[in-house]
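Next come two complexes built around subunit A: one with subunit B, the other with subunit C.
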Partner chain A sequence: MREACDLVIVGAGPGGLAAACRAAEAGLDVLVLDQQPEPGGQVWRGEARKGTNRLARRWLSRFAASGARFRPGARVVAAPEPGLLLVEEGPSSLAVRYGRLVLATGARERFLPFPGWTLPGVLGVSGLQVLVKDGLSIRGRRVVLAGTGPLLLAAAATLHAHGGEVLLIAEQAPAARHWGFALQLWRYPGKLLQGAVLSAGLVGVRTATEAWVLEARGEHRLESVRMSVSGREEQLACDYLGAAWGLVPNLELARLLGCEVSGGAVVVDERMETRVPRVHAVGELLGIGGVDQALISGELAGLAAAEQPVPDSLEKSWRRVRAFAGALALHDAPRPELRRLATPETLLCRCEDVPLSALEDCTNLREARLYARLGMGSCQGRTCGAAAETLFGWAAESVRPPGLPARIGSLRPPAEPPPTLKRES
Partner chain B sequence: MREPGAKAATSVTLRINGRALTVPAGTSVAAALALAGDLVSRSDLAGRPRGPLCGMGVCFECRATVDGVPEVLTCLTPCREDLEVVTDA
Partner chain C sequence: MNTFDCVIVGGGIVGAALADVLSAEGLSIALVEACSIGSGTTACGMGHLVAMDDNAAELALTAWSVALWRELRDELPLAVEYDACGTLWLATDSEERAAIDAKVASYRGVGVRAEVLDAAALREAEPALSPGLVGALRVPDDAVLYPPRAALHFARRARDRGARLMPGCPVHALRPGSVVLENGEALAAGHIVLAAGVASPRLCPELPISPRKGHLLITHRGAPVVHHQLVELGYLKSAHGSGGASVAFNAQPRVTGQLLLGSSRQPGADGSHVEPAILERMLKRAADFLPGLDGLRALRVWTGLRPATPDGLPLLGPHPEKPWLWLACGHEGLGITTATGSARLVADQLLGRSSAIDSRPYAPARFLASMTPLSEAHHA
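After this line comes the complex of A and B, so read on.
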């Protein structure tokens, strides 16, 4: 199948939706691709059905009215030439010709290996939250959360609200840094409210700073965790562990397209345009900054794509959210102890079952790939790549197509000449 | 096993490893794996059980065979009536 549009947007989270609304409202033919069944991204997952979050509801209905088209279940597998994306949608393949592209691929959790982290019942912090939002019954189940930053509290609030017995919220950051960050929130009223609402739901739940997981134990499934809490070890019997430390941007597609990446973020100008002409990037790709940054950068990119002027208020908001992103990066940086949790037997690459001991003689990611098959499995290093970067300082390699497991048929560019773009006809 | 609170009009029935399971509409297949038993989606190369990790289509740990299609990411797949899920565990 083939599609053509003025603007294609990859990712239907807040950033992608804001870009789509601004561009479609200005008259562009906009196509939005997302691998999920509904728009909303990870942060607004399920909101298209539930409508409990007011901000999400507002943007989702604006998106529905904007005239932008949405294709769910769509995964971009290759970008063989400028202006062309090859996409897989379940069993069918799709070629998309576009005038401009907005990358809004969001972020994933930063997983770090520790003994027992491959046991069923051990998930990410947001990973566990997502599964509960998607119907996993947590009522009466004992849960331990180990992570960092605002997402840790957000996940705890969800689990608590769904009847989970949250035994411990383990924040890795030291108390001083944690409270320094909390106080920083005062300068950002929107964030303060968010934080306050979340905390209010968590009265009576035990929280600890300078706390992290040491080991997950169990026969066929998680049975208990060993934790380090303010310098002391303790063991807790539990049913679920959510463990991940902050977020890392999903940079694969940006790298595949040749966008410049610096300091773990895509380099953009004030129009959110990357160093590759006609390709924009928004949201978490610019450095982890949350919903506000995603919405504002999305609006800026949508306006730029449609060649519309930028309102002053939007410019101002942009500077404000960038300051928040800076504070978050400082707070969420994993502490050195977290890099030393894995034992020689602990698997680093979960797809190819590569233990830490297999990497002894490797000095970079390329060697680890070639000699030990690190990152050669289904997820293509999406999980172990970020871990290896944190553990060993190994920089990510360039991405080659296919970016994801794909059928051969999906990688063949369309044979016939593509349909003419709407605006040019 | 039936999730408490599920109503007939708002629930769907699928099969996981041949066993019928009724879940509230909107439940993902990955979440249903826990309702079906022990949240196991596949085995690793040494035969040890694995379950969902990221919940958002990144890690591929939750992959299973859905309606005959192998390696489907169950965390991105909503439960539908008569869906046939087979785990590799």
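After this line comes the complex of A and C, so read on.
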């Protein structure tokens, strides 16, 4: 199948939706692709049906009214030439011709290996939150959450609201940095409110700073966790552990397209345009910055794509959210102890069962791939690559298409239609 | 200055195999590699160990090399993934079918086992193949392996005998008696061997080696099983045709349960980007032989640059005008197969010994000696 549009947007989270709204409202033919069945991205997952988040509801209705088209279950598998994306949609394949492209591929959780992290019952922080939002019953189940930053509180709030017994929220950052960060929120009323609501929902839940997981234990699935809490070890019997340390941007498609990446973020100009002409990047791709940064950068990209002027207020908001993102990055940086949790037997790459000991003689990610098969499996290093970057300081490897397994047929572009046939408008 | 009996420039499979052989002879060795051991063209190829009979010299070197690999098989670590799956050369029509008998004779002539499969036997051996195929040539002693780990195995064995491995050391220049690194360090060498594949002409511009790009695709685990390395008989035409870009069907079962698919050849093509038009042709060709291929899941697509010489044979031996320099490069698509034989041939010459096969067809002098009338003919 074939599609053509003025602007294609990859990712229907807040950044993609904001870009779509601005561009479609200005009259562009906009096509939004997302792997999920509904728009909203990970952060507004389920809001398209349930709609409890007011900000999400506002943007989702605006998107629905904008005239932008949405293709669910669509995954980009190749970018064979400028202006063309090959897309896999369930059992069929699609070629999309576009004038401009906005990358809004969001972020995933940063996992660091610790003994037992591959046991059933151990998930990411947001991963566990998503499962619960999607219907996993957590009522009466004992949960420990370990990680960093605002997502930890957001996940705790969801689990708590669904009847989960949250035994401990373990924030890895030291108290000083944690509260320093919390105080910074005062300068940003929007953030403060969000924080306050979250906290209100979590009355009575134990929180600790300078706390992290040492080991997950269990015969066939998780039975308990060993934690380091303010310098002391503690063992907690539990059913679920959500453990992840902040977010890392999903840079694969940006890298595949040849966009310049610096310091773990896509380099863009004030129009959110990358170094590759007519390709923009928004949201977490610019460095983890949350919903506000995604919305504002999305609006800026949508306006740029439609060649519309940028309102002063939006410019100002942009500078504000960038300052917040800077503070978040500082706060979320995993502490050194987290790099030493894994033992030689701990798996680093769970697709290919690569233990840490297999990397003994490797000095970079390329050697780890070639000699030990790290990241050679079905996730193509999405999990272990980011972990290896954090553990060893190794630079990311180049991306090879299709990024995630795709049908071979999807990599073969459909034949161009005969020149006499014109697309109906 | 550090002094070695021999400095090998290039830590691909050929340089690593040579370090292994020479260190076993008691020579002090430095193996100098710009990036990581086995990470260049070695890491990009299919890893076939295949006897090829395009001409007598090619057959002699490949058949001997495959036999040398077989001798090594029991000492190769599991991670090298040596798998004696054999090769099936597939005939699509009666003309190709008729060519098989001559090939059987030429293989047997150098002691390589070979047998004919008719259409029914082929169907039984490889049910996943297209039913339209008319027969195949089976070469049961061919094998496949995972080249980066094979290179690493050779290099580490050399290291254990005292060789110095120097990955991450790009070479600035080759001088009589010394190899000058980009960091300014100079390594004194009784002998210097240039085994830098496609990068060789950068250090020795007169070498007639040019890149010939290829594309490969590997599937997810759990791909439908094939049991042999599968190659279309038309591969030889494709491999040694001197014209434009060509594709040919080549598929390998990997011990990981994955299927590795090739192949394409683009003379002179540089740059490592995946070219969709070539990939499309390659996959379409592959689907002709393996129906249902389009439904398999691709895990990765990548490219590599083969170091091609004008006559398709490697340069193995002394540089005719630089007596201090030895060459072990220009293997095009047969560097993995012939690494074992190439290492022996160069080592034998360097040590003044005779070899199991005649080394003259691979002598660099066929191109480089300006007074040799042959060279003109080869460049024509």
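Everything below uses one rule, namely that the second predicted complex is superposed on the first by the 416 of 425 C-alpha atoms of A that agree within 3 Å, B and C clash if a C-alpha of one lies under 4 Å from a C-alpha of the other, contacts with A are read in each partner's own complex, and residues count from 1 in each chain.
Note that in this section a residue touches a chain if its C-beta (ideal position, glycine included) is under 8 Å from a C-beta of that chain, and two chains touch if they have at least 3 such contacts.
In this text the structure is predicted, and so the values were computed from the model without any measurement.
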{"item": "Touching partner for A:Q42 - first (subunit B), second (subunit C), both, neither", "value": "first"}
{"item": "Which superposed partner A:R350 touches (first subunit B, second subunit C, both, neither)", "value": "first"}
{"item": "Which of subunit B and subunit C A:P405 touches, first, second, both or neither", "value": "both"}
{"item": "First (subunit B), second (subunit C), both or neither touched by A:G298", "value": "neither"}
{"item": "Which of subunit B and subunit C A:S378 touches, first, second, both or neither", "value": "both"}
{"item": "Partner chain in contact with A:G127 - subunit B first, subunit C second, else both or neither", "value": "first"}
{"item": "Touched partner set for A:G287, first subunit B, second subunit C, both or neither", "value": "neither"}
{"item": "Subunit B versus subunit C as contact partner of A:T118, first or second or both or neither", "value": "first"}
{"item": "Touched partner set for A:G135, first subunit B, second subunit C, both or neither", "value": "first"}
{"item": "Comparison of subunit B and subunit C by subunit A residues contacted", "value": "B"}
{"item": "Shared contact residues on subunit A - subunit B and subunit C", "value": "377-378, 405"}
{"item": "Residue ranges of subunit C in contact with subunit A within the complex", "value": "35-36, 38-39, 43, 79, 148-149, 152, 167-168, 217, 219-221, 274, 276, 279-280, 283-284, 287, 293-302"}
{"item": "Contacting residues of subunit A [partner subunit B, same complex]", "value": "35-37, 42, 45-46, 49, 73, 90-91, 108-109, 111, 118-124, 126-132, 134-137, 220-221, 250, 347, 350-353, 377-379, 382-383, 405"}
{"item": "Footprint of subunit A on subunit B - complex, ascending", "value": "3-4, 23-24, 26-28, 30-32, 34-35, 38-40, 44-46, 48-61, 63, 69, 71, 75-79"}
{"item": "Residue numbers on subunit A that touch subunit C, as the complex places them", "value": "78, 80-81, 363-364, 366-367, 370-371, 377-378, 380, 400-402, 405-409, 411-413"}
